[in-house]
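Lettered A, B and C in written order, each chain numbered from 1.
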Amino acid sequence: MNTILSIVPIQYYIILSAILFSIGVMGVLTRSNAIIIFMSVEIMLNSVNLLLAAFSTYHNDAAGQIFVFFIMAVAAAEVAVGLAIIVMIYRNINTIDIYNLNKLKG
Amino acid sequence: MLTGLLLLIPLLFMIVSLLMKGKQSGYVALVSSVVSLFISLCMAFTFQHDDTVQFELNYSWISSFGIHFHLGVDGISLILILLTTFLTPFIILTSLQKETDNSNVFFALILLMQAGILGAFTAMDSFLFYMSYEVALIPIYFICGLWGGENRIAVALKFFIYTLAGSLFMLVSIIYLYLQTPGNHSFEISEFYKLNLSSSQQSWIFWGFFLAFAVKIPIFPFHSWQPSTYTIAPTAGTMLLAGIMLKMGLYGLIRFVLPIAPEAVAHWNTLAILLCVCGIIYGSVIAIRQNDLKKLVAFSSIAHVGLIAAGIFSMNAQGIQGAMIQMFNHGVNAVALFFLIDLLERRSGTRLMDKFGGIASVNKRFAVVFAIVMLGSIGLPMTNGFVGEFLLLFGVYQWNMYAAMFAGLTIILGAVYMLRLYRNVFFGEISEASTSILSMSMLERIISYKLVALIILLGIFPNLLLNISAPAVNKLLNLIAHHSNLSSIL
Amino acid sequence: MNISDWLTLRIEIALAVFILLQLIIKIFDLIRSNETWLRLNIAITFLIVLLGFTGNDSGSLFGGMFISTSFIIIEKTILAFATLLVLMQSYNWLKHHQHTPEFFMLLLTALLGMFLMLSANNILLFYLGLEMATIPVAALANFDLDKQRSSEAGMKMILSSAFSSGMLLFGISIFYGITGTLTISSWQEILRPGGLEVLALIFIMTGFGFKISLVPFHLWTADVYEGSPVSITAFLSVVSKGAVSFALARFLFNGVIMMQEFWVEILFLLSIITMTVGNLFAMRQTNIKRFLAFSTVAQAGYILLGLAGDPVNAPTSVVYFILVYMFSNLAALGVVEIVSFATQKEDLDDYKGFYNSNKKLAIVLMLALFSLAGIPPTAGFFGKLFLFTSGIHSASVVWLLFASLNLVVSLYYYMRLVRMMFSENNEKPLASIQSPLLSNIALIICSAGILFIGIFGGLYDYLHQLAK
């Protein structure tokens, strides 16, 4: 067993990331500002990153940590496209509140 | 080989007819139907009068599912093939007499339908049967929906959804049977015959098939699509529906339900025959009150097929043989009646009974032709209807006397509505509409004489048909008897 | 690792090279005409389709991260072919678009992502492929830059895809924690039904559920389909959905086959509500794109039914169904695209009397609807039949019953549209429309597919052989 995990056991990481993930999910489902929704998605992804890093240490396997880098890169790409779309929307309707996106009936 | 040709010819000519314009496409269709008739006659003459499946054609179609393109002809299917090929030329000739828009599509659809129907009658693989059964449905939907009368789109849609939903139950049953077959499953009908199904399994199968066929035939209370569809359809469509298409349902009863689920039939046939008898009385009574000639024949058709279905469910040689010959006869009579009504409508622009009167004194020839066809439909001795109805009633009588008594009402009530029709249309004061029926054209005469000749010929020599189907029907009955012996031993 | 193994990667390499080449061409502005771009890209996609039929098929690369079999190549070829049809149909729209070259690059990148996702035997590669396949499509949904609905569609697409990726990743990370490896095929030896595994599987299924728009994760679908340009709707509803369905099949049968008993239950629940809700909502739509969107939601329910089969029949029937569905849906959307480009009309009511003004288009649309409804003898019937017979393997009677009932219900609304097209009374009937040659060719290919794929049953046998 790894020394880091002997100080803070693996369960703590799992619980923390589960809490973070739930916060993220709640944020996505309840908030209406598009940017805050993106932030919540980031929290979800970061909780996954934490979990992956912890498991990677637990298993003594580097693959998990590599995965973390890729998730960060992909999340950046996702946000880049997302922000571009937000800019488009802001140009069209001057707000980024998703409750105003009702031109298409939900 | 011949069976393959029989299916291929209409499909090939269908493409040719699509490429033609106007009447030409009709002539192409006519040629095709005559060639088919010729082929089927060749089959009838070379047919060995025994219970084997002949003219077989077997290719693997989707081998990982055990689906075969397996065609074959036995006595039962041969009669129905003959019916189809005999009637199609008449149907095409009838439609050639009128101008139709987009006639190339119209005739192509008729040919496609013929191919589908023939496919259903020759299929030895249940999947192929189901496919053909549905292929035949789509053309008639369009024939009704595009060339029909008032309110055609709604009516055609109702018809389409009804039958399609009904046949879904058949598909489910077929797949169920398929999964019961041993080893590498197979859709072969003959494999289904070998299954030993428990009585509850048989009941499920019975109802699955029954729903599909009851809608198609139609058996009371699944008939609600039928009168409106018959009325709005163009004459060719009505002829196809009443003359040929509903026989697919009856054929299905004989081919699938009786041999695969005999115990269930024995168990449920009280209910089934009761429904048939209700249909007989219901159809006849409504027919008596009709003023629209086409509707009258449509309702009378419910009564007639009800009797045929009752004969089939009585599960004895007379009943089934009666059904075989009556299927043919009903086809001929229905087509003849619709042809004559179409003639009246074309000339006078109406088909309401009270608009006519006194045609007998205007055009004697027409009156005689109509009389013979009508008598054939009622089932008078010496006409084709007699033999069939007699055998059917005899079959039902053997099963239950009272059922036969009520089923026998079809003859009496049939006489009532037909003679009422005849009295109103042909006797009495000469009305304005009647004067338009002064003469019949050459073509009309040829068609009607041929049909009349067929009616009388089959009235005198019913054995022409009975001999064809007898061995196959016997084999079927043996199969049923074998089944019930087996289950009594087990 | 020798040269013949590299050949299994030929499709991806070719695609990547072409994308980069186009980028260079665009930067130096070597091609100006939109039509040349279009022709070039149709040629490229065609080449990709052809590449699928050549050379060595099976092998693995990068230490088993990338695997390839004949079956996977067939899946890729189907997707490439669908993309080809989409491109051909988008001719009208792209001819005058301001950003045509970018469209192709994004579209092909998404396709490349799907290819990588399908070949992935490593969950990291799988995830990268999945994201590569969705992010460009979100940008594409927003491609009509000046239209608010288009940016709305893009917004909803990117939000839902990001959210679903989060779900998927959480499930994946738990699986990683249990197994200690990212290789999908070695999961099946370790994963057994248990509390944590089930939780992870539910998260992963949620992620997949978003991507193939299963109920209750379908909320974005109708909006995105309606708001996006029709070509993108076609791409989303056929290519994206097809790719994720293939991937789901591979994941279920390669990764978590040991938990089959459990995931069949999930599929059962998702499938019946997906079919039912999809059908019920499709019935009350007035916009034809939304109508088709909900109909594709319902179709996904049948795909799940097919997945409940054994490891050979299930993938085969899904691939076959997607192939059939590709022809049917692209035919329908192709007609919608032509009509909406020519007249800007997208309401169901506008299609009243369609047959009278545009006979050929109406017949194609009718064939497509027949096939979607699964009416024999169209290919759609065979597609559904195979899904059903595959599903019988482990589906319960209730499930099959629900699926059959839903077939009847769907029959009603598909036929309602057919009925509208053939009825006569419309105060403002659509004008007679001239459609461009390329769209016509695509429609003819689709119609031929609908009519003949089912009848020539050898195709299923062939796929079945490959799946073994």
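Structure notes:
The working rule: contacts are C-beta pairs under 8 Å (C-beta built on N, C-alpha and C of every residue); 3 or more make two chains touch, one makes a residue touch a chain.
Note that the structure is a prediction, hence the values are computed from the model and not measured.
No other two chains have as many C-beta pairs in contact as A-C.
Relative to the centroid of every protein C-alpha atom shown, the closest chain centre, again from C-alpha atoms, is found for C.
Our note on geometry: subunit A versus subunit B, Cα centroid distance of 67 Å, whole angstroms. Once the centre of each chain is set as its mean CA position, subunit B and subunit C turn out to be 44 Å apart. Inter-chain centre distance (subunit A to subunit C, centres taken as mean C-alpha positions): 27 Å.
Listed in rising order, the residues of subunit A touching subunit C in the complex are 14, 21, 24-25, 28, 34, 37-38, 41, 44-45, 47-48, 51-52, 54-55, 58-59, 61, 63-64, 66-67, 70-71, 74-75, 77-78, 81-82, 84-86, 88-89, 92-93, 98, 101, 103-106.
Looking at the complex, you find that subunit C touches subunit B at residues 370, 375-377, 381, 385-386, 388-389, 392, 400, 404, 407-408, 411-412, 415, 418-419, 422-423, 457-458, 460-461, 464-465.
Across the complex, subunit A is touched by residues 124, 127-128, 131, 135, 138-139, 142, 145-146, 148-149, 151-156, 158-159, 161-163, 165-167, 169-170, 172-174, 176-177, 180-182, 219, 222-223, 226-227 of subunit C.
Those residues of subunit B lying in contact with subunit C across their complex are 61-65, 67, 130-131, 134-135, 138, 145-146, 153-154, 157, 160-161, 164-165, 168, 171-172, 175, 179.
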